[in-house]
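The two complexes that follow have subunit A in common; it is paired with subunit B in the first and with subunit C in the second.
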Partner chain A sequence: MAREKSSKDNAQALFHSLRSAYAATPVNLKIIDLYVGFAIFTALIQVVYMASVGSFPFNSFLSGVLSCVGTAVLAVCLRIQVNKENKEFKDLPPERAFADFVLCNLVLHLVIMNFLG
Partner chain B sequence: MAAVANMPVSDLLKSFKLKTKQQELLIRVSILCLVYILAFITRLFSVLRYESMIHEFDPYFNYRTTLYLTQNGFYDFWNWFDYESWYPLGRIVGGTLYPGLMVTAALIYRILHFLRFAVHIREVCVLTAPFFASNTTLVAYFFGKEIWDTGAGLVAAILIAVCPGYISRSVAGSYDNEGVAIFALLFTFYLFVKAVNTGSLAWSLASAFGYFYMVSAWGGYVFIINLIPLYVLVLLITGRYSMRLYVAYNCMYVLGMLLAMQIRFVGFQHVQSGEHMAAMGVFFLMQVFYFLDWVKHMLSDTKLFQAFLRITVTCAVTVGTIALGLGMLSGYISPWTGRFYSLLDPTYAKDHIPIIASVSEHQPTAWSSFMFDFHILLFLFPAGLYFCFKRLSDATIFIVMYGLTSMYFAGVMVRLILVATPAVCLISAIAVSATVKNLTVLLRSKNKGVQTGSTKGSGSSKASSKALLDQSQPFQKNGAIALLFGAFYLLSKYATHCTWVTSEAYSSPSIVLAARGAHGSRVIFDDYREAYFWLRQNTPPDAKVMSWWDYGYQITAMGNRTVIVDNNTWNNTHIATVGRAMSSYEDEAIEIMRSLDVDYVLVVFGGVTGYSSDDINKFLWMVRIGGGVFPVIKEPDYLVNGEYRVDKGAAPKMLNCLMYKLCYYRFGEMLTEYGKPPGYDRARGVEIGNKDIKLEHLEEAFTTSNWIVRIYKVKPPNNRW
Partner chain C sequence: MLADICTRCLTAKTSPQKGRISLTFTEMARSLAGFLVLVLVVSICEGASLFQPISDSHRSAALELFTLDHGSFESLEETYEALRTFQILGMEKKPDVTAAACRSISETVGSSSSTPKDLFYALKANSIAECKIHEKASKGIISSLNAAVRGASSLLDFYYSVGGLVLIKDQNSKDDIHLVDAEGVFRSVKAFSQSDGRWRYSSNNPESSAFAAGIALETLAGIVSLASSELDQSLINTLKNDISKLFDSIEKYDDGTLYFNDKLVDGHEYQGPLSTTSSVLRGLTAFAAVTTGNLNLPGDKILGLAKFFLGIGVPGDAKDFFYQIDALACLESNRVPIPLILSLPSTVLSLTKKDSLKVRVTTVFGSNAPPLAVKLVGAFSSRSKDASLVEIQELKFDQVSGLHILNDLPESIDVGSYTFVFEVVLQEAEDEMVYVTGSQTKVSIFVTGLIKIENSEIVILDNDLGSIESQKKLDLAGKNAASLLANHLQKLRLSFQLTTPRGHAFKPHQAFLKLRHESEVEHIFVVGNSGKQFELVLNFLGLVEKFFYLSGKYDMELTVGDAAMENSLLVAIGHIELDLPEAPEKAPRPPPQPVDPYSRYGPKAEITHIFRAPEKRPPQELSLAFLGLTILPLLGFLIGLVRLGVNMKNFPTKPVPATFGVLFHLGIGAVLLLYVFFWLKLDLFQTLKMLGFLGVFLVFVGHGVLSHLAAASAKLKSA
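Showing the complex of A and B:
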């Protein structure tokens, strides 16, 4: 009983401290996080749709899901490079990070469009 | 007057006097240029000795497809259905080849034509491999610079320029996937290591493109897609997780996977095949690591974080194993295919897949092959490993892993020495460069020690420690000079060995044979091309030729006729049908040949010249492969005391099977060697058993001048009366 209560307390404390720590992150990073969440959500919707109607044009399904996963991953990479708290990327100007992000997205979407079929 | 004339000369000399950095740059650039040229010209032996032609068997298919590509354009090439091979099945060429090599050669051809060099596509094909070998030396230089320093890069470039392990598959004329693929392999690895070192998205994108090029070029890309996740896993285990690694691996994996799926031959394997699952597993593992890192960064309380860590790790591991288990059990994720499974279990192919076991390049490697192909690099490799472990970084861990895994695979299959060569060259370069650097530092330190001996009291501790070193061992300078001479002697021996190996062993075109005549003069046997041109000019255009699968590509490329089976070996039953026809009596064989619409049969026979790679020596594989599918062919029928014989003591089925009859027809009257009876087979070293051969359903159409290739025509059925 006590253990259950303490683990529940643990979970509560975890949740609260995470929430307060997250509220302290800068706004631009929160925007990127929102974008990542949106991309993952879209990927999930596509997977659910595929589970219900079948995966016949498999290349279309793959290109849809991978475009969502790809933009999510690239946005996370951008977040890493733009985050001022990361010491490894101190010397990287944010414009360069954004330019790389745009270039990779361009390549990603060109390949997706070729793969859609 | 003289003083005035001297002035401009000394001014000129002053203008040449470069700073040390510029001198170093000049030396480096000139060394790289010389290495580039050296790598190209050392591969030209066969072009100078014979002529500019394509070698071996597989390159003829690549040449034919490149020809088709340049003549018909990319769309027709990508959607090509070839009805001239594997009659009557045909072959979907567009979907069953790796287009990288052909597209590269066609691109070079178009560029040269744009610059108004009117070369034939064959010349471009012949010289593609040496050109890419030169490019590989440049990539090796940059890679060595990334891992260690510029000195190691230069040594790596030199070593790989002449290393026989690489030359064996990239001589001029060897127009095969590996010539381009090794360049793509090293390039991808270099770009990935650069991405991990810098953490830049641009370099990861470049490495994804390098991976795409590798996937388009060779089936060995599976090595990359397994080595890189393994490397990431090792970094994670050794506690070297970093943001740079996250950025590099994720960008490369997602973009690389998408790009790779554009190649039709690869298709959806990246999400469905067991060989590619390691990469996906590590991808998800990286997300978990990043998530945990992020939460740890945000939480200030470590106890809470430990609890969270436990929950997440157990969840992730459970979900992962369940997903993998479901995938493998339901059969959605296919298990490792035969070709790659036989790398993990070398005895698998011999028992289960005779076609893979029959290829001579797939046999395990002997020590002599290692020594032959690597020479001094064999003992420089462990030395380099030692240096890498002394200075561990993300990059050196990568090269150590690449070296060890590729050496394991090189030990399993002879052909894979090629994949190990860049790693061995790089690691050996580290050993050479570090050793020579240490020795030359010793050489130069003595002078400094003498000069700064008086200023021992001042700050320079380095000089004082050097001076101390010199005092304790007075012969250090002499020892260093001796060791340096030894090192240079070894390296020069390496260069000599490599050139000798290239000249003697790896420069033969295989389609043209050479031998020494009685008086030492060179005799050339051009029988293969003679036979193929006879086929091209003397048979109807829709004639179908049956031969063993080794010669299929050459017959379609040079003879321009339809074949039944060729080197692609994608249909084992079809090959077994041909094997059964070759090993049956003539009456049974004619039924099979009529069912396949065969018009001509081609066999290769080495009894007159002593050529040992002929069809009688390959006969055991025809029996085994045919017997594997049709139980009516039993191997013991052909054996006497467990061996294949062709003389009087041979098994009766052997003496009367179709292959025997076609090879030895009219051979019984032939005098091949002085002092031996007629019908003496020089390749087997015996007098043949059945000299009086009568053919009922076939007639001899053509035999080449040295009896190497023999062509028979299938007679139409007799008239009713």
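Showing the complex of A and C:
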């Protein structure tokens, strides 16, 4: 009983600490995180749809899911590069990273639109 | 066969093993014997062909071949050929043909630009059609032909001009037309001759031909008839020498026909044997008409030439028809010995109908021959090649039908194939100079008759003892329904006797017994013979495997046939129930029977194409609902952004970077719009093209705004 309670307490404490730590992140990173969440959520909805009605135009399903996943991945890369606490990308100006993000997204979406059918 | 012998000789020489050489020698001996038989048969067969004289079938063919094409013939040459053929065959002159001929003749004769060749053929046609030619026109013709003779340089020039003058002299009997310097013209034509009897066409053309020789002889004959005074006799004698040399070059076919032929040098100039021989005969006859004394042409050669023309039968081409008929008419013209042809109305005789042997001797045109006798000097068959089966006898002449008849065939002539040898003997001594009959004539005769089939029976025998189990007599002329039983331990014996009308043994071409099982599997056995007795013994013990172990009912059918047999038969004898043992594992299966071809090769069942069923699509409402659901995260994102407090404070305020910024966003928007269009209607290449432009634009603009922002934040950092 005590252990249960302590594990529940531990989980709650962990959760709270995470929340407070997260609140400390800069706003632009939060924007990027939100964007990633949005993309993943969209992918999930598409997967649920496919699971319910079947994968008939399979290429459309793939292009939809991959566009979400791809853009999420690119956003993650952007977040890594823009994060000031990341020593590896100290010399890289965040505008440059953003330009890369935009370019890669445009290429990704061209491919996705071609595959959409 | 010769090649076979040669290759075997070579293998005998090169093979080292003795055993092989001895085998080769026996094979050689056998092939040599076969070769000798072949030579003998060929020597008997040589000359055993029948030549029929010209008959009504020729006349009807002539009517079909020589037809007017749009009211006239193609050329004057063809007009003349048609008229001459009808004249020789004794056919009535058709008014439309004569009218057409007269039209072309008067056209040619009236025109001043006609060549000697045209005038020649016009006059030739006129000699038969007998159209009127005006005085003035004929005078014009004479003068132009005379000029042509003077200016002639080639053989054909001389031929047409001299020939034309001869024809017009015959048609206008009042004008006395003569050749100026006949001897000179004669010599110039003679200059074209060659030592082998052939003639050249002109002095610069070295090719010589027998056809040209015929033309030259005709021309020279024309010159002799047009000469005002007697020509030098020595010239004519040299010509007789040339003729005999020409006859030395005569060629021969296997059936005894003779012909003249030229070497094939140039396709255009080549005249085949028919036209060459016809031309030579025409020349010879024309020359014989103008010379006194005999040409001394060998009679057998004349007969050979006549047989050549008769051997063609009825030609299918108008020109060939003309050559044949014209040449044969020359042979009947009394200038050369007249050949007499021996022909038979029928070469197949039936002993049953008591046919008599009928022989007819006529000229080539079927006219009556002088009094003569026909003797049958020999009859040979494949069995007796040297000894004649009949004695020499004379055939009786029937005045009414004009046939020589032998009423009853001698007893020694049985059914089968024979070669009869006839000899024609002229009864008046003076006819020997005028007519030529040739020595013996060989004709193939086929004799048929009824073959007696006797003592036919079918017997089932017990194998071990040979005792008769069951016996059935057969009537092969009528219906039979023998029903027999046998098992594999027994034998079947079929026997009958065949006798010819003369009482000899007879071996037919076909003597088969066919056994057909219910499942359509058939077996055929040849019935062997010794003399008159034909017997077939089927030992079922040995035949079990051949019959594929099929027991059951077999239908029996007997075939006895031969060309000489008038009562060849194919009869069903009955059926036999065969009891054969069971087939072992490894026994061969009977061959598959032929399938009804329509079922195998006929049309097959129609195939209807089954199209791929379209995929099941979800109901439209569900899809739209999920579309709405997909928009939700976007809304969530936007709400989240607002909650985070996004703002546009960092947007550049200075005009240049501001425009860059605006353009940057617009550029991205344009690219996304382009993608939407790409999905809707554009193709990849158009998109890429547009994207190229937009991308370059975007790079510039983006670089501008972002570098400005970077500089601004760097300034902030350092400050």
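What to note about this one:
FYI, the second predicted complex is superposed on the first by the 117 of 117 C-alpha atoms of A that agree within 3 Å, B and C clash if a C-alpha of one lies under 4 Å from a C-alpha of the other, contacts with A are read in each partner's own complex, and residues count from 1 in each chain.
One rule holds in what follows: a contact is a pair of C-beta atoms (placed from the backbone, for glycine too) under 8 Å apart; a residue touches a chain by one contact, two chains touch by 3 or more.
As the structure is a prediction and not an experimental result, all values here were calculated from the model.
Of the two partner chains placed by the overlay, subunit B and subunit C both lie in contact with A:Asn114.
When the shared chain is aligned, subunit B comes close enough to touch A:Asp100, but subunit C does not. When both complexes are overlaid on chain A, the residue A:Tyr22 reaches subunit B alone and has no touch with subunit C. Once the two complexes are overlaid on the shared chain, A:Lys8 sits clear of subunit B and of subunit C alike. In the superposition on chain A, A:Val69 contacts subunit B only, with no contact to subunit C.
With both structures placed on the common chain, the touch criterion links A:Lys84 to neither subunit B nor subunit C.
Residues 114 of subunit A lie in contact with subunit B in one complex and with subunit C in the other. Listing the residues of subunit B that touch subunit A in their complex gives 199-202, 204-205, 208, 242-244, 246-247, 250-251, 254-255, 257-259, 261-262, 268, 271, 290, 295, 297-301, 304, 307-308.
Chain contact summary for the complex, subunit A toward subunit C: residues 27, 30-31, 34-35, 37-39, 41-42, 45-46, 48-49, 52-54, 56, 93-96, 98-99, 102, 106, 109-110, 113-114, 116.
On the subunit C side of its complex with subunit A, the touching residues are 615-618, 622-623, 626, 629-630, 632-634, 636-637, 640-641, 644-646, 668, 671-672, 675, 678-679, 684, 687, 691, 695, 702-703, 706-707, 709-710, 713-714.
Residue ranges of subunit A in contact with subunit B, taken from their complex: 7, 10, 13-14, 17-18, 21-22, 58-59, 62-63, 66, 69-70, 73-74, 76-78, 80-81, 85-86, 88-89, 92, 97, 100-101, 103-104, 107-108, 111-112, 114-115.
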